[in-house]
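This structure is in structure tokens; I'll ask about it shortly.
The letters A, B and C name the chains in turn, as written, and every chain counts its residues from 1.
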Amino acid sequence: MIINFAAFVVIAVVIVLLPRFMGEFRLSQFTFVALYFIALLGLNILTGYNGQISLGHGAFMGIGAYASALLILGRPGLEQYQLDPPSWLPLGDGMTPAFTIPLAGLVTGIIGLVVGVPALRLAGVSLALATFALAVSLPTIAKRFDQVTGGGGGLSLLLPETPFGWDISTRHWLYYEAWVTAGVMFLFAWLMVRGRLGRAWRSIRDGEVAAASSGVNPALYKTLAFGVSSFYAGVAGALLVIEVAFVNPDTFPVGLSILLLASTVIGGLGSLSGVLFGALVIEFLPVYSENPPLIDAEFSTQAPSVVFGALLIVIVFLLPGGFAGLLRQVGRWINRGVVRATTKRTAPAPTSDS
Amino acid sequence: MPLLELRDVKARYGPITALHGVSLTVDEGEVVALLGANGAGKTTTLRAVCGMVKTAGQIMFAGRSITGRSPESVARLGIAHVPEGRGLFTELTVWENIRMGAVVRGGQKALRANTERILSYFPWMGERRDQQAGTLSGGEQQMLALVRALVSNPKVLLLDEPSLGLAPTVTRELFSIVRRLNEEEGLTVLVVEQNAMIALDSASRAYVLEVGRVAVAGESDELKRHEGVRKSYLGY
Amino acid sequence: MADFLQQVVSGLASGAIFASLALALVLIYRSTDVVNFAQGEMATFATYVAWSLMDHGMSYWPAFVLTLVLAFLGGATIERTLIRPVEHRPEIAIVIVTIGLLIALNGLTGWIWGAEVKAFDSPFPNETWDVGGVAISQQDIGVLVVCLLTVTALWAFFRFTTLGLVMRAVANEPTSSRLVGVRVGWMLALGWGLAAVLGAVAGMMAAPTLFLDPTMMLIVLIYAFAAAVLGGIDSPVGAVVGGLMLGVLINLLGAYVDFVGSELRLPTALFVLLVVLMIRPQGLFGHVAVRRV
């Protein structure tokens, strides 16, 4: 526990100080790490803690992104695009991006709840298939309903201004905005997971029938898991559209959903500590697979995929707990080493025998 | 030399030890019964022979060790196992089930040579060749499972709880067929049974398992008179 | 009316491709209880191999046959090396492995052959037959015939050969198969090999129309999933019927229903998938799995 807390503090300090050491591009990359972190937190809750496989979280991110973009632009902004969305949509006159984050999350969360209800009837692979179907459909549906989404051209936003007149660049502001959100979301996740919700979710994952007979209502908690995890994905999507200032149907291809699930596994299912590693993997693995830092070679743009795929398979074979599992294993070794070292000193002195 | 011999065999399912050191022998041409209450380890013993469960100790078949061999290689050596619940291919027809019995050991030749002979013990089966095995009655399924095991010309037949779920008359018919096969063809049988009475009537020797160990062993007649056996398993 | 018939025929042709891939999925599901998310990529890889063979001078049908052989070996190898070690692990582990395979194969295909779209020859002439005033595409008929022949050959294999019987037995009861001496592992590898062959046929039939690129079969895979679920994930007959039905349905809807148009074809198929999963999960011909508590 102490180690966990210490690690959390160290990581938090690193995150706060990081911008001093890097340029704007790098900073943007780490902003992406923050929002992937949030999305993966949500997915881990659904798939890791609750055992429901989702291959559709890219779609939820997309919904959050579009929701945020629409709220930021408001009806006046959309009119500039000559878009004429239906009048029943509650679009205001444009909103500060930061406020759209929780709202986008809420919208996505509600949609997630709605999806969670029919999902109750599906399990395992069927659910994976259904969510996969969702992920594949979203780009097409976004293109189709172009009066709302801007179709293939998508929606462009202006980069937000740093609030309160603070003297930092926009990129800096966005970096902190993302990481503060990430920190808050992490705290929520931590509280949920170690409390009653987490216990209920895990008991359902480990044996739904047994859980039900212990008084846990599977339908309620499973639907809730869907809602919560899509809320997280929605928040991540909102942060993404704010960072990139643009969203169109190609921003959320089915590959993203697959990547999200893959990174959750690589980080470690059912563990919050691995999620950060998973987020780092999503952002940096593609870059480093193409141009490995120490090797003077340039692999094809396809190398990341091969590495990702191979990594997934290796993890299942050797490291089922993912990166978090590896950390736990290392922790155990260290623990054992410490115990061994300290026990030797207290071993009884050999008695002289007659 | 016994045909099948178990020496101090221990077996476990994960962390739970089911057999704590079972020793028994089956000579060629014998019918031996393995008795005991639920959970005593009878089925586990047969599974150990077939390599379906983690085993320690020695299992010898015709003098050679088969401990830890895979089920398919044990089957190829000539040990035919009719498992609890019969293990029929429910989606295949009666005839296809029979074919599967000989598909590895002996193949087409064994099938043709043996089928007529074996089916003579089960006259009704020939007419039902094309019926789906899953639609047969419990007793018919048990007979089919037996035929499938016999068609490969096995050296030893392992029968697991053949009476399970069967009416008493059907059970008697089944065991009389087993006795005939033993008398007329010298078939060696190790039969696990909860129905101690009918097992002792059909077998020459028996072992009684309790909590993973052999508690009592001996000739069937002896065991029928043994007070402990009588009270616990024969009901009188 | 003529237009309608044309749409039906062309729907049957694309449906036959869905059916082949769906049958591959069902074959693997029945024998190993795994839904192979990588089936499409395996088919794409095989199609690229065929392309390479023809690029090096081989003519179509020899390349076709050689590709099928190589696909068979590839499928069997994948089962032995990647699936075998994890077959007793929980469902999500196996799903992840097949997804990992999907990602890796997708990358590998692009790495070896590049991501640019390539043209793939069709063995069938690009002409039409005039049947009573209706122009029927020879390409469509050719695809339909090849796919149905492959499916029929497979059916005959399962129905009439001993090896086919053994594979059916293994799909039904793997443990009992062991008890009669069957080396179940090899039968499973055989199943994956045959499924890979089906996938390769689907890929090579789809390539002339869809054009060859690393993601070619990803969409077809989704249609195949929808078809397999519609027909019943454990029913081979269902896969074929489901595929043909879905092909015709999608084509007709796309042609005659404005709302669907050409963009919403895929979501429509997925909608069908979802509806079936919700209302009748066992599909048209499948069996209900009884959950014993």
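Observations, loosely collected:
The definition used in the following text is that a contact is a pair of C-beta atoms (placed from the backbone, for glycine too) under 8 Å apart; a residue touches a chain by one contact, two chains touch by 3 or more.
Source: prediction; values computed, not measured.
When each chain is reduced to the mean of its CA atoms, the one lying nearest the mean of all protein CA atoms is C. The chain with its CA mean position farthest from that of chain C is B. Separating the centre of chain A from that of chain C, both taken as means of CA atoms, is a distance of 33 Å.
Inter-chain centre distance (chain B to chain C, centres taken as mean C-alpha positions): 43 Å. One inter-chain figure worth recording: chain A and chain B are separated by 56 Å, centre to centre, where each centre is the mean of the chain's CA atoms. Only residues 47, 51, 53, 55, 118, 121-122, 124-126, 128-130, 132-134, 136-137, 140-141, 143-144, 209, 254, 258, 261-262, 265, 269, 299-313, 315-317, 320 of chain A touch chain C when the two sit together in their complex. Residues 35, 37, 82, 85-86, 89, 91-93, 95-97, 99-111, 115, 214, 218-219, 222, 225-226, 229, 263-264, 266-267, 270, 273-274, 277-278, 281, 293 of chain C touch chain A in their complex.
Listed in rising order, the residues of chain B touching chain C in the complex are 50, 52, 70-73, 75-76, 80-81, 83, 87-92, 96, 99-101, 103-105, 148, 152.
By the touch criterion given at the top, residues 162, 165-166, 168-169, 172-173, 175-184 of chain C touch chain B in their complex.
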